[in-house]
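In what follows, a structure is listed as C-alpha cells, so that the remarks can point back to it.
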Amino acid sequence: MLTTLIDFETAASKQLPDDIRAYLNGGAEAERSVAENRAAFGRIGLLPKLLADCGHGHTRTTILGVEAAHPVMVAPMAFQRLFDPQGETATAMAAAAQEAVMVLSCQTSVLPEDIADIPGRRWIQLYMQADHDATMSLVTRAASCGASALVVTLDAPINGLRDREVAAGFAVDGDVRPVMLDALPHPPRPQLEAGQSVVFDGMMVFAPKWPDLERLIADSPLPVIVKGCLRAQDAVRLMGIGVAGIIVSNHGGRVLDTTPAPITRLADIVKAAEGAVPVFVDGGIRRGSDVFKALALGAEAVLVGRPIMHGLAVDGARGASQVLRRLRDELAVTMALCGCATVADITSDLLTEFT
Amino acid sequence: MLTTLIDFETAASKQLPDDIRAYLNGGAEAERSVAENRAAFGRIGLLPKLLADCGHGHTRTTILGVEAAHPVMVAPMAFQRLFDPQGETATAMAAAAQEAVMVLSCQTSVLPEDIADIPGRRWIQLYMQADHDATMSLVTRAASCGASALVVTLDAPINGLRDREVAAGFAVDGDVRPVMLDALPHPPRPQLEAGQSVVFDGMMVFAPKWPDLERLIADSPLPVIVKGCLRAQDAVRLMGIGVAGIIVSNHGGRVLDTTPAPITRLADIVKAAEGAVPVFVDGGIRRGSDVFKALALGAEAVLVGRPIMHGLAVDGARGASQVLRRLRDELAVTMALCGCATVADITSDLLTEFT
Amino acid sequence: MLTTLIDFETAASKQLPDDIRAYLNGGAEAERSVAENRAAFGRIGLLPKLLADCGHGHTRTTILGVEAAHPVMVAPMAFQRLFDPQGETATAMAAAAQEAVMVLSCQTSVLPEDIADIPGRRWIQLYMQADHDATMSLVTRAASCGASALVVTLDAPINGLRDREVAAGFAVDGDVRPVMLDALPHPPRPQLEAGQSVVFDGMMVFAPKWPDLERLIADSPLPVIVKGCLRAQDAVRLMGIGVAGIIVSNHGGRVLDTTPAPITRLADIVKAAEGAVPVFVDGGIRRGSDVFKALALGAEAVLVGRPIMHGLAVDGARGASQVLRRLRDELAVTMALCGCATVADITSDLLTEFT
Amino acid sequence: MLTTLIDFETAASKQLPDDIRAYLNGGAEAERSVAENRAAFGRIGLLPKLLADCGHGHTRTTILGVEAAHPVMVAPMAFQRLFDPQGETATAMAAAAQEAVMVLSCQTSVLPEDIADIPGRRWIQLYMQADHDATMSLVTRAASCGASALVVTLDAPINGLRDREVAAGFAVDGDVRPVMLDALPHPPRPQLEAGQSVVFDGMMVFAPKWPDLERLIADSPLPVIVKGCLRAQDAVRLMGIGVAGIIVSNHGGRVLDTTPAPITRLADIVKAAEGAVPVFVDGGIRRGSDVFKALALGAEAVLVGRPIMHGLAVDGARGASQVLRRLRDELAVTMALCGCATVADITSDLLTEFT
C-alpha cells in the first residue's frame, strides 16, 4: 500500500527506466543540493502549542489574492509524458481533484489547448526567449488557455551540469517533446569563431537580462512571478521592477550544485519582501510538516515537483492526486497537532532547532 | 544472556511479529524524533567528581511529595497484552517488585479492577474525553482502583502519522482491546458535510481545550499531572491553572516528527517551573546514565516506556522487572562513579558537552 | 607488514579470542567514550611552521624532573599475560628497549620482583585499598622493586558497566591472576541487610575518599601522581593536598561512558595547574601526531595503553617495542614537519580546528 | 563515457596497479586531510546573481602578470611515467592544448630538455637541495628549458608518513626515475652516531631554512613562488623576503595528516598578502565550481594535481586534456549560472555556508 510520498518515490523509482529515473530524481553535479533540500527540513524542529482550539479549522488560504483550498501547488515540470502517457493532462486532472494551483511548464509535452478545458486554477511557467515577441506569443497563448499568472524561471539561463542524467544517457527525443515550443521561431544559432565560448559567446548572449524582464512585466497581461531567487538583494531589485511574487528555489538542485536549500533562504527573502509581494518556496518538500515549516517561515504557498511525478508514474492521474491528497492531509494533521486552526496561526515561534 | 536494555530490545524485536514490532518501536513519519530522543542523551557528557564519600548512599527520592525507592517510573503504554498474555498485570507485578511508580494507560488491555490488588503505587493516564462526565467517570474509577494521581496526555489530540505502523498493517482488533473504555458512552460521531475535514471538523471539535483541563482540575479528586509539554510558555500557563506536575515529553516520537528530544527541553521548563511543581521527563532513556542526566537537568523522576515492553515481550513480568532492576543498578553505579551519594547530589555541574 | 599502530590493532584483534579481545578493546556501555577518545584527536588540526631549523633536534624531555628520551609512557594495564605468556615481563623489556617510562599495574599478572632486574624507569599504579596498611604494603613493595613514583587511580572506585566484556563472557580466572595482590589481606566483605545496595552499602563504603589520599601522600616514600582527573576543580584540590602530578584520563572509556575525551579536558586542567605540577594525558593516542597535539596542549608526557597490548599480542616484547618505536618515530617526523626542533617548541599556536 | 573528473578518477583507479594507485590517491596517515581537502569545498555554498549580463564573458585572467586563458594550472607531480609511458611529455601536450600553465616537478621522469619544444607556459617546481650550487644548477637548467618561474616546495622537508603507500609496497625503482636529478651531486649522507635520529640528525640538518630561501631568491633569475604555506604569519615573512607568489597547500594531504584544507586557509592568507603578491591554492579541486569558490576567496589561480594523472592514466595526453577541458567548461558554466562574466566578477559575496 502506498501511503506517503516516500512510498510513491520508492515505487516510481523502481519502475522507471534508468534514464528517465536519472532525469527525474537526479540533479546537478554531486547532487549535494538535491540532498540538502530535503535534509534542511529535518533540521527544523516543531514546538507544538497545547490545548489550542482547532475545531472547524481549515487549510484555506489566499494565493496571489485569490482564495485557495490549501497552500500546496504543483511545480512546473517539463515533459510529463515521460512518466505517464497522459502527462500534463493527468497532472491537471489530479490538481483539479485536489484543488491545487498547477503551474504548467512551457516545456509541456501536451498542448496547453488540450488541457484548457480541465477545471482548476493554472499558471504557466516560461523561460524568456531571446526574442521578446516570441516570449509574448507564449504569454498570449497561455492567457488564452486560461493561465492567470506567469512564472518566469530565472535561475537556469543555461543548463546545469547534470552528471547523473548524462551518465544514464537521457535525451529528449521521439514522442515526448516540448510541443508548445514548436510554434516558436527557431532560436538564434550564433556562429562561433575559433576560441569563442559556447557558454559566453553563445547561450549567454541570448540569456535574459534585467531590461528583458522589465519589458516582459510591462507588456504582460498576466502578473509575473519569478522563480529561482536565493539572494535578498535580488528580491529587492525584483520587487522594484514590479514582480507579483517571488519563488525561492534552487531549481530542485538541478542547475547549480551547492546552492543552499531554499527553505534556509526563505526567512531572509520574506524579510526583504516586507510583505509587499508574496514569497513562495519549493525544493525538498516531502511531508505535510515540511509545508507547515515553510509557512511558518513566511511562505504564502509551496510548490511540489518530483513527488507529483512519482505519483503520476505509479498510477497516472490517480497517483498524482493521491500524492497531493496526502500532503493536504498531513498538513492538516500537523496543524492540529501544533495547535493551529488556520494557516495564519502557523508562526515561526512554533519552530525550533532540531538536533 | 540479556543484561542491558539494548539486549532486551534486540531480543524482543527479533521475536515480535512484524506489525506489533512496528507498533512498539515505530514512531511518526521518518522517526527522526524517535532516533533523536536517544541520540540527545549521547551528546551530554559526564564530568565525575573524585573521592566523594558515597558510602551508604542511595537512590531514594520523593515523587510528588511521597517517598520513592528510586526515580524510575513506568510510562503509560496502551495494549500491553500485545506483548505478553498477562499484559498490564505483569507490568504491575514488575513495578511492584522493583518499587517503581507505574502509570497505567487508560487504554489498558486489562481492567484496572483486575490489578487493583497488586501492591505498589500507581497513577492513571487518561485522554480527556469529549464529554466531561465520561472523563470524570474514568477518574472516579481510577481512584477507586487505587490510582493516586492522574496523568493527562495533552500532546496527542489526534493520532500521529505512524508510517511504519501503517506499512506493517498494525491494527487493534480481536482479543487485545482498551477494555477500560468499554464503559464509556460512544464518542460523538460528527456528520461531516461535503468538503469538511475529518481532522478539523471531526476530531478537533472534540479535542480538549484549556477550559476543559481547568474543569477537570477543579473536579478531580486526584492531583492532575500533564504529559506532553515542550514549551516553557505552556508550562507557565499550565501551572497557572493548577496542574500538580509536568511531564516533558514528545510521546516517544510517536505523534509529531521533528519535535525536539524532551531531554533538550527539560532545563527550560524546569526553569519556567521555578520549583513550583515537579517536572518529569520521558523519551529515549535506555541507560542509568540517561536517568542520571535527566535528574542533573532538574527532573524529579523519569518515565520509561518501550524498554519495559521489551522486557515484557521477552520474559513477562520477570523480563519487565529485570529491565527496571537494570536501570536502578545502572543509576546507582553512575551515581557512585560521579561521586553522588544521593539524588540531591546530582547537579548540572556534573554535565558537560560530549563530542 | 605491520607498520602503524592501526596495523597492530587489526592484527591483534584478529588473533585474540573473543572474550579477551572484548576485554582489551571494549569499554563502558555503548563505548561512546572509547570512540570519542580517538575521534577527538582527529578534530585537532596542525598548522606547521615553514623553514624552521630542526637540525639536531630531538624528542628528549623531562618527566617528573628526570630526563627522558621521549614523552611516550606505557600506561598501567592489568593482566598482561592474557596477551602474551611473558606478560608484564615482555612489556618491561619493550619499554626498556625504547627508553619508555613504564607504569606497572598493581593488577600485574607477573610478580614485580620478577621484573625488578629489567632495566628502565618504572612507576607503579595502585588502587587504594580499604585498609591503609594494605595500601602501604603495596607502596613499600613497589619501592623495593624499583618503582620511583606511585600512580593512584581515582576514577574507578567501582567497576564500570562493561557491556561488551560481559556479553563476551570475559572472566579473570585460571592461570592469569593479579598475583601481586595475593599478599594482601582479604578485602572486607560487608554483610548487606535486606534492601541495602551492593554499590552504596558495599563497595562505596570502602572506596577511597579525600582523607585517605591525604594520608597516603603523607606516608608514601614515593611521589604520588593521580590518574583519572577530568575536572579543573578536582585538579586544584588535588594539588592542594600535595600530589606530584595529574593524569587527565577517563580510563580509556572503560569506566563511565560519555565522559569527555581527556584531550578535550587537558587545556583546562593545565591552566588550573598553573605549572605547579606536571599534567599528563592518556586515551585514544594512536599516532605520533596525537602525542604532538597532547604536548601542544600542555601535557608533560602521554600514556599509551591498548596499542602496547596489541603489539604484545602480535609479537610479544618485540611487538610492543615496535609499537613504541613507531610512536617515537612518528613524533619525530611530526615535529620536523611542524618546524619543532624540541618538545619545548611544540606550542598551542601550531594547532587549529580541523573540519 | 567519461565526463566528469570523478569519472576519470573511478576509471583510473580501477585500472592502475595497487601500488601505483596507492601512491597516486593516497596520503599521510589516516588520510583525513586528503578527504577534508575535497569535503571542504562541499561546505561552501553558492548564491547566484540573477539576470546579470554575461554575454561575451570569458575565463581569461592574468597569472603572475601574464595573461592566461583561464585560472586552472597543472600542479607539480613527480614520476608521471608511472601513469602513462609518455609521462610529463603527455601532460605538457595536454596543458598546451588547454592553454594551462604547467608546473613541472623537479622529480620529473622525463628530461626537461625533452619537453622544452612543446609550446605552452611552464614553471618548474623544485626542492631546495642541501647544496646551494646544486639548487642553482636546477634553476639554471629550468630557465634554459623555458621555465618562467620557480615553485619552491616548503612543506615537505622530509617525507610524510604515507601508510597506504607503504602498505601497498610502492617504491620508485626500475624504469621510472627522477631523471632530472641525475646530474646533481649525491646528497650528503650523514654518519649517524648511536642514539642519533635519522630525522633530526640526518635529514633535517640538510633541510632548507630561511636563509637558504633568501639566498635562492637573491640568486634566482626566475621569480620564486613558494608552495605549502598554511599560516598567515609565514606568508607575511615570505613576502618580506621577496617571494613572487604563495601557493596555499597541504601537499594534497600527502605529508602531514590533519593539516587543514587549503581552501579553508585561503582567505586568511589572501588578507595577509594585502594584494602585494598573488595567492594560489591547490588541494581537493574536482569541479569547476571548486575553482570558482577558490577565486571567490581571493586566489589568482588554482593548481590541480591528481585529476590530471587520472586523465593521463585513462587516455594519455588526450585524457589529461579532457580533464582540463572539463574543468574549464565547468568553470564557465558556473560563472554563467552565478552571473559572472569575468573572473573579476567572482566575489566572495557569491558564497554562503552550505549545510
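Order as written gives the chain letters A, B, C and D; numbering starts at 1 within each chain.
In the analysis below, contacts are C-beta pairs under 8 Å (C-beta built on N, C-alpha and C of every residue); 3 or more make two chains touch, one makes a residue touch a chain.
Values in this document were obtained by computation on a predicted structure and should not be read as measured data.
Listed by label, the chains that touch chain A and also chain D number zero. Listed here as common contacts of chain C and chain D: no chain. Annotation: the chain A:chain B pair of sequence copies touches via predominantly different residues, less than half of the used numbers being shared. Per-chain Cα centroids separate chain B from chain D by 60 Å. With each centre defined as the average position of its C-alpha atoms, the distance from chain B to chain C rounds to 42 Å.
Contact topology of the protein chains: cyclic, one closed ring where each chain has exactly two touching partners. All chain pairs that touch, listed by label, are A-B, A-D, B-C, C-D. Within the complex formed with chain C, the residues of chain B that make contact are 1, 3-4, 6-7, 41-42, 44-59, 287-289, 329-330, 332-338, 341, 352-355.
Interface residues of chain A, counted against chain D in their complex, comprise 29-30, 32, 36, 39-40, 154-158, 160-161, 163, 166-167, 197, 199-201, 203-210, 212-213, 226, 228-231, 234, 238, 255-260.
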